[in-house]
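Below are two complexes that have chain A in common, paired first with chain B and then with chain C.
Up next is the complex of A and B:
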């Protein structure tokens, strides 16, 4: 199944998802498509003025262009997801999209989808970490069972 | 009294609360603040799923939840946040959707500044009150007797004479002195019909000049253009049942109204920038040396991608246009680019605030500009757009139709 992640560029979450046989929907893949497209020349991410306009699907015109530009990339991943994992309060190194407003909107959109959702707080001790990994694995395995 | 639930953040510290209450009171409505205690705020925003950083925004979410869960009784909802607050803009939109998905209350959203005054809010409050208080009048589907409708717009004045559900006379002219213009428009509408003002059963007035003309003529109906236009649009399009979206790109402001069975349930009005209005197209036509009626057909022959034009600002937009022509651009392409730019702005600034429901009925004088209708359809992914006959007269038709619901009285017998 396709699993959306928050933070949407978390390598650790993506790895856990892949290990359980699912497809992580991560922004690295989307950005890769852009930076390898020779047709677009808008470094560093090859995001043009079109993206904030596309992002209007997720946020109104009054919302800053950076939020809408990010949503142009994350929004379709949210729409495509069969399930999602949200890790709140994670430090920058775990994954970060650099904008608190986008964080709020992304999490809200994931919750609004009504798909199976696992919400976690970033673990701060060894015991909590083990528990979080177990929760993620159990969640991912249950999706497989539901999916047949 | 119509109760309008206020779901907002920042109106107090912006100093505009008094203006909001004044605007509502002018139209017989009262602003009420939905109940939400501290525990309920925490419960509500978690249930809603939006972890807003600002506690004022969390309170907004709780107040919306209170309306949806029936803890607060309201007839309509006014959602407002400070202009340029991104968290406010995000939540404002999501709350609007939430209320519309879970109630049948009419909703209007607004972003205010410290300069927001009651008059800017009048039309919105009047429309909210009308939708609630005059629902039976708005449900009227047939025009009866002989009635006249006057739409005194910012650019043009339109007059329609109707008899037993048919348009029998029209008048159209640029707005000058509102009373004189209305009189001339009426003369045009009566011409050849054998009728005169004393023969009509009712006069309905809408548009910017409605109060001046309405009081001068002692009109039976003086009504804001949002409810009147939506009525006229569904009547002319033959789509009085079911859902639709009415789009009116006007000379000075634009209106997008969603309707269900001919009654508006949500609307947005814009007028921040003239670059997204009919005025820009009028200036484009003048610069291209063509009549405004020729702009549409010209645009349909052109390709907007071949001319650099951006109407985000009317001044720079016209500069772009001149530069394109000087660089050897074809008139057709420039006309097409002008239409596309206006359509793009309407899409970005207004259609985002409303869930567009098909069919889209495009009305007003600008709906006669084929290139603009075509550009709008392209931007909206190729959806079908209905442009009914007499689309430039919708306000006058709506006024004429609605006034016939206010009882018949021959004015000469008054």
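Up next is the complex of A and C:
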């Protein structure tokens, strides 16, 4: 099954999903499509003027172009997902997912889709981490059972 | 061993599907399409029983047509998807619960991201650094798995809560 992740560039989430034989829908795959295109050869490279237009599918015209541009990348991942794992309060204030409004909209879109969803808090201690890993594995196993 | 023999030998051993093999042949014949290549980061957990140097050496010893870059957290490999997947599966077997991998969008050494050209830490490194702090606990959880309930604890009804408060109140008075 294809599992959407949030944060979409999380190492722990992507790795755990892969270990259970599912396909993690990570942002890096979408970024790769954009940065290995020969037509784009100078920074800033990830987002072209086409992206905010594509983002209109997910956000209204009044929404800042930065959010729409990001949604053009996150959006296809949300549409493609068969299930999702959301880890809230993750230290994602870095790099490509540093936009709080986009993150809120992404989580909203994932919840709205009605697919199997696991919501967790980003762990900070040993006990919390062990609990989170066990929950993720149980959730992924339950998906397998549902699909035979 | 000649180049052709090595290629055939690798395909036999790798279990690469015939359609993948065709794709690989066409790319190796001079079609250097970067779009068909994927990049993966291999991250060693804090308790991993191999070092970065050993990891890189083992990756090289697989003799797969991959670009391997040694990094502080492990290695970055770049190449055709079938070969990259094969390398990741093999390398995971060394220390399954302490070797982690994830996709990377930019190829290794890309001047738009590489520290050698830009200076300072690369984007994405900060998150990796944060998540690295938890990898030891993740390994521990992977080694000792247990089933847990995914149901959220239900809210206590007001009547039950009131009774509990009364009982506790009486206990405090005593």
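Throughout what follows, the second predicted complex is superposed on the first by the 137 of 148 C-alpha atoms of A that agree within 3 Å, B and C clash if a C-alpha of one lies under 4 Å from a C-alpha of the other, contacts with A are read in each partner's own complex, and residues count from 1 in each chain.
We adopt the following convention: contacts are C-beta pairs under 8 Å (C-beta built on N, C-alpha and C of every residue); 3 or more make two chains touch, one makes a residue touch a chain.
Values in this document were obtained by computation on a predicted structure and should not be read as measured data.
> With the two complexes overlaid on their shared chain, look at chain A and say whether chain B and chain C clash or fit.
fit
> Given the touch rule stated above, what does A:123 touch, chain B (first), chain C (second), both, or neither?
The second partner, chain C, only.
> Could you say whether A:1 touches chain B, chain C, both of them, or neither, answering first, second, both or neither?
Neither partner.
> Could you say whether A:142 touches chain B, chain C, both of them, or neither, answering first, second, both or neither?
second
> Go through the superposed model and pick first if A:37 touches only chain B, second if only chain C, both, or neither.
A:37 sits against chain C, while chain B stays out of touch.
> Have a look at where A:115 lands relative to chain B and chain C in the superposition and call it first, second, both or neither.
Once the two structures are laid over each other on A, A:115 reaches no partner at all.
> Quick check for you: in the superposed arrangement, does A:9 touch first (chain B), second (chain C), both or neither?
second
> Check whether A:62 is in contact with chain B, with chain C, with both or with neither, and answer first, second, both or neither.
So A:62 only meets chain B here.
> To make sure I follow: the centres are taken over C-alpha atoms, the vertex is chain A, the ends are chain B and chain C. What is that angle to the nearest 10 degrees?
Rounded to the nearest ten degrees, it is 160.
> Is A:26 contacted by the first partner chain B, the second partner chain C, both or neither?
The second partner, chain C, only.
> More residues of chain A are touched by which partner: chain B or chain C?
Counting contacted residues of chain A, the larger count belongs to C.
> Can A:133 be said to touch chain B (first), chain C (second), both, or neither?
Touch partner of A:133: chain C, not chain B.
> Could you grab the smallest C-alpha gap between chain B and chain C in the overlay, to the nearest Å?
12
> If you lay the two complexes on top of each other, which residues of chain A touch chain B in one and chain C in the other?
none
> Within the complex, which stretch of chain A touches chain C?
7, 9-12, 14-16, 18-19, 26-38, 43, 45, 91-92, 94-96, 118, 123, 126, 129-135, 137-139, 142
> In the complex formed with chain B, which residues of chain A make contact?
Of all residues in chain A, those touching chain B are 53, 56, 59-64, 67, 88, 100-101, 104-105, 107-108, 111-112.
> Which bits of chain B are touching chain A when the two form their complex?
Touch list, chain B to chain A: 49-53, 83-84, 86-87, 89-90, 92-94, 111, 347-349, 352-353.
> Sort out for me which residues of chain C touch chain A in the complex.
Within the complex, chain C contacts chain A at residues 34-35, 37-39, 41, 43, 100-107, 110, 112, 123-124, 126-128, 130-131, 134-135, 137-138, 140-142, 145-150.
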